[in-house]
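Below are two complexes that have chain A in common, paired first with chain B and then with chain C.
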Partner chain A sequence: MAYVKYILKKLLQIVIITFLVSMLVFFSLRLNETSPLTVIIGNKQSTPELQQQYTEQFHLDEPLLRQYIIWLKCILSGDLGIDYVQKQPILNQIIDRIPVTIGLVIFSTILGTVMAILIGILAAMKRGTWIDSALSSLMLFLSSVPTFVMSILAILFLSKYVPGYSFIGTYSNFGEFMSRISVPGVIMAVGLVATLGRVTRSSMISQLQAPYIITAKAKGLNRMKQTFKHAFHNAVIPVLTVAGYMFAASIGSTVLIEQIFSLPGIGGMLVTGIQQNNYPIVQVLVLVMLISYLVMSFVVDILYAVVDPRIDIS
Partner chain B sequence: MSKRSNVGKFFTPQTVISGAIILIAVIAAVFANVLVPYDPNEVDPLSCFLPAFSEGHILGTDKLGRDLLSRMIMGARSSMLNAFLIVAFEVVIGVPIGLICGYYGGKLDAMIMRIWDIVCAIPSLLLSFILIAIFGRGNLTGVMAIGIAFIPLTAKMARSLIITEKKAVYVEACKSMGYSDMKIIFSHILPNVITTMIAQFTMDIGAAIVSMATLSYLGLGIQPPDADWGTLLENGMQNFYNNTVLLAAPAIVIMLVTVAVNIFSDGIQEYIDPTQRKLPTFKQYEKRLLRSGLLEKRQKAD
Partner chain C sequence: MKNYKKLLAGSMALLMTLGAAGCSNTTGSGTESSASSSSDDNGLVVLNVAATNQPVSFDPADANLVVNEYTQYDCYDTLLDFNAEGTDVVPALAESWEQVDDVTYTYKIREGVKFSDGSDLTMEDILYSLNRVTEDGYGMSYLFEFVDHFEVDEATRTLTVHLTQPDSTWKYVPATTPCQILKKSVVEAEGDNYGTNEGSVVGTGPYKFVSWASDSQIVLEKNEYWWGGADNLAIDKINFYVMKDASTIALAVKSGTIDFAPNLTSEVMPTYKSLENYNIIHGFETATSFVALNTQVAPFDDVNARKALAYCIDSSLVQQSIGGEYSAKLDVTCLSENMYYMDPDKWHTAVSEMEDYTVQDYDKAKEYLAKSAYPDGFEFDYYTPASGVTQAELIQSMLGDVGITMNIKEVLTADMFSYLYGFNADEQGHRPYQAFGSSWVSDYLDPVGNLKTMFHSANTAPGCANQAMWTNSEFDALIDKSYATTDDNERLGYFIEASKIAADECAYIPLYAPESVYALSSKFSYVPSPQSFWNFTYADFTVNE
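Presenting the complex of A and B:
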């Protein structure tokens, strides 16, 4: 029963946060000095008829509160509306662009987690040796190098030494898709490794000192079996939790990386939207990213309790 | 494990080297207008894309013939100044809120912490994007956006510190002497908790440099013709086929400074935090005593 109550409470919290943020974003965007009508008309000849037509189409003559309610109703019924600049349905634009973002997030999380676990276990097994200190300082270094500097150095390096490898811009088939997300994916994974590797290391070290490992040693179990079958099973839980939260957080960091690698994802769309004062796109994308972040962290919370039954969820 | 030669000291090789890098950046920022060899915004169409180490321009020139070294130094000024402003912003607003919430507790505290939870639920980069979308692009709005995104964590830290600190005996003594709450919070508790927070603030400077460079890189922060390291990086990115230094120089500088700030803050953390401070082993302690001649004196006294 505690589970159901907890889940309901969390879901309610997600709904409330989303609602509050939607309100905050909608109203505060209208504080911006640029009026929607200038954005909509853009560089077209501004005639009174055109102004009249757009004012009606985008409900600009209604009071703000009413505009918000209209917008919210549309969103709830699945219609994300039309953007100000291209006047295309936002839903289609998002569907066109979301594969890149999802691909990036999943690819980098899987790669980063696997790498981090391997590095962390290695460091923990070789604790106190030069391998451990080398790996630890490498991770400290990697965690301080900003992602975008790393991506730029990667671009510089690849364009100089592997000029045939195309990893920037749009894609037309699956092979190209993978080659586009490979480089940014690896860079995001490196950022993940820096944090997650340290978590794995400390978690493995505490497990390797646990009494049951001493028993295993006393029984004469070989070292690989001690490490991987026994210690790892217990050590992996906090690692997966942190990985889950970082997975959720990486939705935000794709914004930057997509912009750097000119990938057609929703992150780049958000930045362009902000630059052009394209309010409908900004509103919707902020909500999309926020909801995916909240839902992901919610799922991680639940999984945490499922994986480790000792944890009291509430 | 074997390296324990620099225990209990602040000036370890790491802190000295990283401190020197930070100092150079700060000096470049403070004396920018004296140090620049050329006007950083002066356009010279005759000398575009000069390579590094060419005559008169050590780092070469960019697309418009502007001297890169001068622009890097001026960029240091905007980048460092903005980073300090961001941290100052979060300290001036975040710390008092956290302290007051933690000291009084109760409904106000619960309410503000709930709001913080909501703000923390939004990834900080996304939050600054939202704020930029609201306030418009620009240097100051960028600083504000990042500062606001940093506030909740600072406030939470200050709050957790004061919650343990307010049970201390000296706080009770202050209360019994009839000091006002504000006096107790700001002139008695704050000096005791601020040292713990200093390491975090140092680290935040690194994060602030990166965040601001990110915004400028995306064209949402500082606006041309002014430049910080983020803008220079963006310019370099567009023109690196013509001149690689344009890209490499800001990238390397940002990397050096942020890594240095992180290592430096680690050093501060280790020095300040008594639980993390590496105390000398007994042998080293003995050696130190021997060196100072104290041990012999003590033995004589015995």
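Presenting the complex of A and C:
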């Protein structure tokens, strides 16, 4: 019962946060001096007839609060509306682009988590040796290099040493899809490794020093079994939690990386939307990213209890 | 799965190489090929092009971005084309034409022209396309200002244009993109979807639209039905990539992935300088960069105040620092050198007699300021898009101790058109800026393209680009006379006289004419024309053996 109550409480929180953010985004975009009409008309001749037509079509003559309510109603009924510049349904644009973003997030999270765990365990097992120092310094170094610097270095490297590699354009099959997202995905994973590796290391160290490991040692259990069967099992819980949150947060980091690698995902779409003052796109994408983040975090919370039965979520 | 294991095992540097090796195996066409030869696996000659943005649509009515040149233009044909020098028109869809009288022109349309879907081009399509862009609300309807109506005859394949008054610029209009011919039935059937990435594109041009993944890639292929002969086209397929970051484009060019990168700006030039196997191609079009002074409001309603500011600014220095290597300083006429084509010597003589306020001379600036309504100096707001802030700061630093104070106001790029075309004027019709760091691209090399648009009083209305809001009846009369005659010698006389008046009034402070700069793989050749912005075509590209 406590379980259900907790889930309901979390869901309610998601709804409230989404609602507040939708309001914040909608109204803060309207603080911008640029009139939506200017953006909609673009470089066409701004005749009174055209102004009238678009004003009616986009409800621009309504008070702001009413515009917000109209927009919210549409969103709730599943109609994401059309954008100001291309005047195309936003839903279709998102569907066209979401595979790249999801692909990036999943690929980088899986790759990053696996690498982080391996590196973290290695560092913990070799604690105090040169291997530990080298790995720890490497992780510290990687976590301090901004993603865009690493991306530009990667592109520089590829353009110089792998001239045949094409990181641009669209994809028509899974192989091409993977080739588009592999390098940016690896770069995103590196950011993950840096943080997650250190979490794994410290978590493993504390487990390896725990009394039950001393007991295991005393029982004559071999080193691998000590590490993997017992210590790792307990150490992995905080790691997976952090990984879950980072998975949710990486939706945000696709914005920059998609821009640099010219990937047709929703991050790039958001940047273009902001540059063009294409409010409907910015509003919807901020909500999409927010909801993805909230839902992911929610799932992590639930899973946390599943992985570790000691945790009483009520 | 194999790669996956390797990924886990390897170091970062190794990872990238592995990932990359995996990729060139899977992608095939257009990637490995571009590094060595110009043809891909299927023996097709592919040109890989990159730009930082994509067109709004492939509908000629939306064609107002530079990027349209490299995507949409080749899907359509115009009635006429500009010649390589950009000074005259040559046949295209119309094989011949005739000026019947002052206000009537006839065009004979080629027989046997087919659309990219294999259907025949009818006179009805031509009439429909022209009427469509002549209607109000279309950005370039001003080109058709003096059109009374169009008339077509299917039997003789003749288009007749009736003007309301003589218009010496009409001869160029059939070569402009608003005269790109569409297929009526397709446009009507698709409505608002036409030309978007959800709809289709049908034209008679040398290349046909194949696919468009928004914000990523546009593919064009040879149109086998092209009346000019698909076999005469050196390039079989064009991959146009949208790459948001100009430096990424530079790196892609460096790696050989991109063959053609248009519109290089001076910030990224250093990267291109070090390239091997690439040529930097450049040429002047009709772009000019200047400061527009709002002559309707204080302080620049006073010609002495305008000249005082002009004498503070060293245009040569602005040209060198902002325009860069591929630019030239402008004369007081605000016309680029190639617009003097009718008689360069006559123009140069005339310019030498005009007062040259493009040089920096603080003494003269002080002199004019003392004569002005603001002898103790004045303050003004200089509006600029984000891309012009460096230029604004440079100008600001040039004002010295003359007594003029300049405030920089940055406007959003999305708002540029409101300023340029006066859509944000107040109730009295006054535009909001006092000075505006701006530019203009003339429709033609014909000097009237700048003189009429930037200086004529008729163009102070909203939607028009007399950004200085300057009016002078004597000037207007001379330009109007130039419209009434097709004798270029006579017109030249009016232009020079008009330019003298305008230059003396200093409504604009001329800065520089920028060149268009392209990087092109040495596998290909291309010579840009001053009128590329109307008639750019991949059909002009050749493959070097």
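In this section, the second predicted complex is superposed on the first by the 312 of 314 C-alpha atoms of A that agree within 3 Å, B and C clash if a C-alpha of one lies under 4 Å from a C-alpha of the other, contacts with A are read in each partner's own complex, and residues count from 1 in each chain.
The criterion applied here is as follows: a residue touches a chain if its C-beta (ideal position, glycine included) is under 8 Å from a C-beta of that chain, and two chains touch if they have at least 3 such contacts.
The model shown is predicted, which means the values in this text are computed figures rather than measured ones.
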Could you classify chain B and chain C on chain A, in the superposed arrangement, as clash or fit?
clash
I'd like to know which partner A:252 touches here: chain B for first, chain C for second, both or neither.
first
Name the chain, either chain B or chain C, that contacts more residues of chain A.
C
Now for A:114: first (chain B), second (chain C), both, or neither, which partner does it touch?
second
Between chain B (first) and chain C (second), which does A:215 come into contact with in this model arrangement: first, second, both, or neither?
neither
Contacts for A:57 in the overlay, against chain B (first) and chain C (second): which applies, first, second, both or neither?
neither
With the two structures laid over each other on chain A, which partner does A:165 touch: chain B (first), chain C (second), both, or neither?
second
One more residue to check, A:271. First (chain B), second (chain C), both or neither?
both
Output check: A:145 vs chain B and chain C. Expected answer is one of first, second, both, neither. What do you get?
first
For A:17, using the defined touch cut-off, is the partner it touches chain B, chain C, both, or neither? Pick first, second, both or neither.
first
Given 2-10, 146-154 or 236-244, which one is the stretch of chain B whose C-alpha atoms run into chain C?
236-244
If I apply the document's touch criterion, which positions on chain A are contacted by chain B in one structure and by chain C in the other?
33-34, 152, 155-156, 159, 259-260, 271, 275, 277
Within their complex, chain A touches chain B through residues 17, 20-21, 24-25, 28-29, 31-34, 128, 140-141, 143-146, 148-149, 152-153, 155-156, 159, 249, 251-253, 255-256, 259-260, 270-271, 273-275, 277, 282, 286, 289-290, 293-294, 297
Chain C residues touching chain A - in the complex, by the definition given at the top:
7-8, 12-13, 15-17, 19-27, 30-32, 35, 50, 56-57, 62, 64-65, 136-139, 141, 192, 196-198, 213-217, 239, 241-245, 247-248, 251-252, 254-258, 412-415, 417-418, 421, 423-424, 462-463
In their shared complex, at which residues does chain B touch chain A?
1, 118, 121-126, 129-130, 132-137, 206, 210, 213-214, 217-220, 233, 236-237, 240, 244, 247-248, 251, 254-255, 258-259, 261-263, 266
Considering only the defined contacts, which chain A positions touch chain C in the complex?
33-34, 38-39, 42-47, 49-50, 85-88, 92-93, 96-97, 111, 114-115, 118, 152, 154-170, 173, 175-176, 178-179, 182-183, 186, 190, 259-264, 268-269, 271-272, 275-277
